[in-house]
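Shared between the two complexes below is subunit A, which pairs with subunit B and subunit C, respectively.
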Partner chain A sequence: MGIAVLLKQVPDTTAKISVSGDRVDETAVSKWSMSPYDEYALEAALQLKEAGGGDIVAITCGPIRATKMLTDAAAVGVDNLILIQDEGVTDSTHVQSLLAAAVKRSGSDVVLCGKQAADTNGGSTGPGVSHLIGAACVGMISEVYAEGDGFIALRASPTGNERVEVSRPCLFTFDKGATELRRPNVRGIMMAKKKQIETVTSDDLGVAIGTSSVSLQSHSPPPVKPPGQKFEGADSVPVVVAKLRDEANVI
Partner chain B sequence: MDVTIIAETTVDGLHPVTSQLVGAAIAIGGTPTVLCPGGLGTTAAASISGVSKVIGVEGDCFNTFDSGAWATALNPLVSDGVIIAASAPSGREVAAQIAAMRGIPIIQDATGLEAGITVTRGIYSGKAIEISTVTAPCAITLRANAFDAAGGGGSAVVSTVNQSADVAVAVREAIAKASERLDVAEADIIISGGRGMGDPANFSHLNDIADMIGAAVGASRAAVDTWGEIPHGMQVGQTGKTVTPSLYIAVGISGAIQHLAGMRTSKYIVAINKDPDAPIFGVADYGIVATWEAALPALKEELGKL
Partner chain C sequence: MAYEALDFYDIDSLLTDEERMVRDMVRDWVDEKILPNIEKACHDGVFPDEWRVDLGEMGILGAPLEGYGCPGLSYIAYGLICQELERGDSGVRSFASVQGSLAMYPIWDFGSEEQKNHYLPKMTTGEWIGCFGLTEPDYGSNPGDMITRAEDKGDYYLLNGAKMWITNGTIADLAVVWAKLDGVIRGFIVEKDDPGFTAPEMTGKHSLKASVTSELVFQDCKIPKDRMLPHVKGLKGPFSCLNNARYGISWGAVGAAQSCFSSAREYALSRIQFDHPIASFQLVQNKLAWMLREITKAQLLAYHLGKKKDEGTWIPEHISLAKMNNVDIALDVARMARDIHGANGILDEYPVMRHMANLESVKTYEGTHDIHNLILGRYITGIQAFTRES
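Right, the complex of A and B next:
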């Protein structure tokens, strides 16, 4: 069994995002981290490996700075690391084609990733890759374990939750998982430093990155709200309720 | 321009967000065809003003949610223009699969759409706004409550197509929700509690108020992480749900940047916090500096008078 995890390095969720000119200023990001939902996917991959064996390959499509995230993944037990250079990547079709090609080349038959990245908030990558590699897609799961040749996953449903079964090849996207990503131990950190990262281009993967019909126009900070009205003490509750009714018309 | 709308359905039929999808499609000059997965809600869809036609897509595959199977069954009925779906868990996944099948780009969770097509959306969970342009063919999912709904009174032609696909996902066990409370992602009013509530049992006060005004009860990440009794499904914020209700009431929530990211686009925000310097007051339209112990009984009383 080969397990692939698709990871993305994003500004840490505690980081401030500043806009300079009409683009987000990435150089001003104080800390880069693995996207939180990807962390849940990675932890689940490690647990699948512990239960049933198989190598884990971590694949990311991004700039050179993302090598740090891959090394962090190696420190908790990922076996192989692949960085796909993201030059020319502008839309969802590009990212998905590259990741799908890398997954296929790795021979993995189960793929795990976050439900969406914490920067672009898209959520298209998992379902799109599943189609391109011919795998079943189970989205928004919080836990998964192997059973027989397939898997049982827990996902939200309109009426609560449901356990679903699925065979290989399959892809899971993670909502918040049951277990936080483990911390690396010293040995893991030392071993990870020596771990090779395979860097590949779209040419290496045989993927032609075409032009895109999506064109980024601008980034801007969120609109600043005019300062609100502030009241002291619980005595002001009737005033606020009256304003909600008469000024805001929301109750 | 042909617009194919993937209707958002519920167990009862058509989800009201579908009218918003139609409204947005018409606003960019589109001629909308509405596909109803599983044939649900076709009559309601046909009555939305401006809908050109409605196709109920019936097949066994729609009995279980398998985005790959749904997309395979729906794809032959999708036209070459723009695909619009709701930015809800199922809509996002199905739209992404259809886009991948057709090799066209998808932009998720748009909050604004103009002819052209210009798409506005939040990135970094709303810490920045991205504007991009895209041409058909493409797929776009729209955030609920960000677009004006088309009205009623339409009378589109309804047809039914039998189209199924192989299902790869089987439900082994359904686990009912612990409570029948409204989901924060669905609600027009949300009252959320943070760690300042002191104890998860105190959320009962939020529940009481929610029942009075038809609100959903949410929570901050700090509350969810601290207390096992508060499920992640209630979490509003960057690693929870992003919400845009008409009214968001934050109680005992200091306003960490991750929480603000998930609720700052709410139409009106009320903050109740004992710390006058809490960052939540920075985004609040109406701030009340008070303990929840003092403010909530007063709020209950006032709402009772309405």
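Right, the complex of A and C next:
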């Protein structure tokens, strides 16, 4: 069994994001991390491997700096690392084509990824890739384990928990998982250091990147919050109550 | 807010990927396990056993030692581990220093093959805790005059004497004890169940409260013949261990200082007095600038010393300078940070008073501040000033 896990390096959730011109200024991002939902997917992949064997390949489509994230993944137990050079691709369908081609080439028949990336929150990668590789897609799950030739995935729903049975090939997208990504140890770090990262291009994968059907117009920072209002004295009570009722709609 | 360590001169860029990964691993662990629990551990006066398990699982105990299951990391990586642990608490770093540099190191360097194979694999995983017995109630800076004696009784050695201020003593599975055999200092491995050996805990500390400190008492303590470290005689044995531990402390002190700086900066920016954040006042800025200046210098000392350790071009005096200076400035940084926090600085909501109290111990143990100055004085002048004789 080959397990593929799709990872994306995003600005750390604690990093300050600044917009310069009409784009997020990536050079101003102080810390890049693995997207949190991808971390849950990676932990689930490691648990699948522990339970049933098989090699894990971690695949990312991104710039060179993403190699750090791949090495971090190797430190917790990923076997093979693939960096698809993004060549400035911003169109999510292109990213999906590249990832799908790399998954196919790896021969993996189960794919795990986060339900959405913490930077774009697009949520299209998992379903898109599953479509391209002809795999069933089970989205927003919190847990997965192998049963027979297939898998059982658990998903929280407003009315309770769903257990979804699925056969291979399949793709799972992770919501907040049951287990946080494990911490590496020194042994893992030393092994990760020796691990080669295979860097491939769209040509290597035989994917023709045509013109984009989608283009990103601009980024803008969230609107500045209006300043708070201050009321003093008992006389202001009716005003405050009225505002809470009519403007804030909280009473 | 995620912790951003002060790194004004970008020491980070000098590290290898492996060193950075090890540092980040320990940093994350400290954020997750130490910081939320340290005040309770200090209040209860315990070193939680879970921390021992985690340190073993991370694989950082005995960091720079190679073979016998040990990590084999660089001395820079070992320094970074100490820095991150002490950013959490000096007591946690003390645990790791004692286990790695004071208990594992002498077995690794001076032990027999059998001793190394028997003890080191279980010590690097944290399964067995070690401690180090050199200091005695009446002999601290002057260990050469120790009273603890070993006698060769043919089939076994008989130990008599007492050690004091022993980190990890009560929780240790084994102690590396320095005692005089026929007037010569030798190292002995004493196991916790050896007859005649007890390790009562010392209580009432205002410092290193999450670290276990003990006495070791040997009353006709019988130990098998194969427990003496065969390959070292004299003070060279314990001093070699102390060199490694002191090296780690020079990094650890930087971690404690970074923690205090970070807290002071944040506090100064958010605390409003006279309608402005106190960070906007010149006297406060002067203090923060002084902290940044001294921490940056201490980082460079520690880093360069680490390089010399890795290259093997160091001398013990280099370590004395770094231990003495870095702990000294860290203690001053902690006091200044407490001052910037005003009354809030005495609360356990902030780490500064805890670091300050810890660093008072760190200033004294592993060679007092003054002893390190005397070591440097002897280096400079060629004249020893430890005693009036000679």
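Rule of thumb we're sticking to: the second predicted complex is superposed on the first by the 231 of 251 C-alpha atoms of A that agree within 3 Å, B and C clash if a C-alpha of one lies under 4 Å from a C-alpha of the other, contacts with A are read in each partner's own complex, and residues count from 1 in each chain.
Just so we're on the same page, contacts are C-beta pairs under 8 Å (C-beta built on N, C-alpha and C of every residue); 3 or more make two chains touch, one makes a residue touch a chain.
Not measured: the values here are computed from a predicted model.
Applying the stated contact rule after C-alpha superposition, one finds that A:Thr14 touches each of subunit B and subunit C. When the shared chain is aligned, no partner comes close enough to touch A:Ala51: not subunit B, not subunit C. More residues of subunit A lie in contact with B than with the other chain of the pair subunit B and subunit C.
By the touch criterion defined above, A:Lys193 reaches subunit C but does not reach subunit B. Contacts of A:Pro238 after superposition on the shared chain: subunit B is touched, whereas subunit C is not.
In the overlay built on the shared chain, the residue A:Ala75 is in contact with subunit C alone; subunit B does not reach it.
Contacts of A:Ala28 after superposition on the shared chain: neither subunit B nor subunit C is touched. Of the two partner chains placed by superposition, A:Ile64 touches none, neither subunit B nor subunit C. Note: residues 14 of subunit A belong to the subunit B contact set and to the subunit C contact set alike, using the contact criterion stated above.
Within the complex, the subunit B residues that touch subunit A are 10-11, 64-68, 71, 89, 92-97, 99-101, 103-109, 118, 121-135, 138, 168-178, 189, 213, 232-233, 235, 238-240, 242, 246-247, 257-258, 261, 264-265, 267-270, 276, 281, 283-291, 294-295, 298-299, 302-303, 306.
Interface residues of subunit A, counted against subunit C in their complex, comprise 12, 14, 30-31, 68, 71-72, 75, 183-187, 189-190, 192-193.
Subunit A contributes residues 11, 13-14, 16-17, 19, 24, 36-37, 91-93, 96, 116, 118-132, 136-140, 142, 152, 156-167, 170, 175-176, 212-223, 225, 228-238, 240-241, 243-245, 248, 250-251 to its touches with subunit B in the complex. Residues 1-2, 4, 17-18, 21-22, 25, 28-29, 57-60, 63, 71-73 of subunit C are the ones touching subunit A in the complex.
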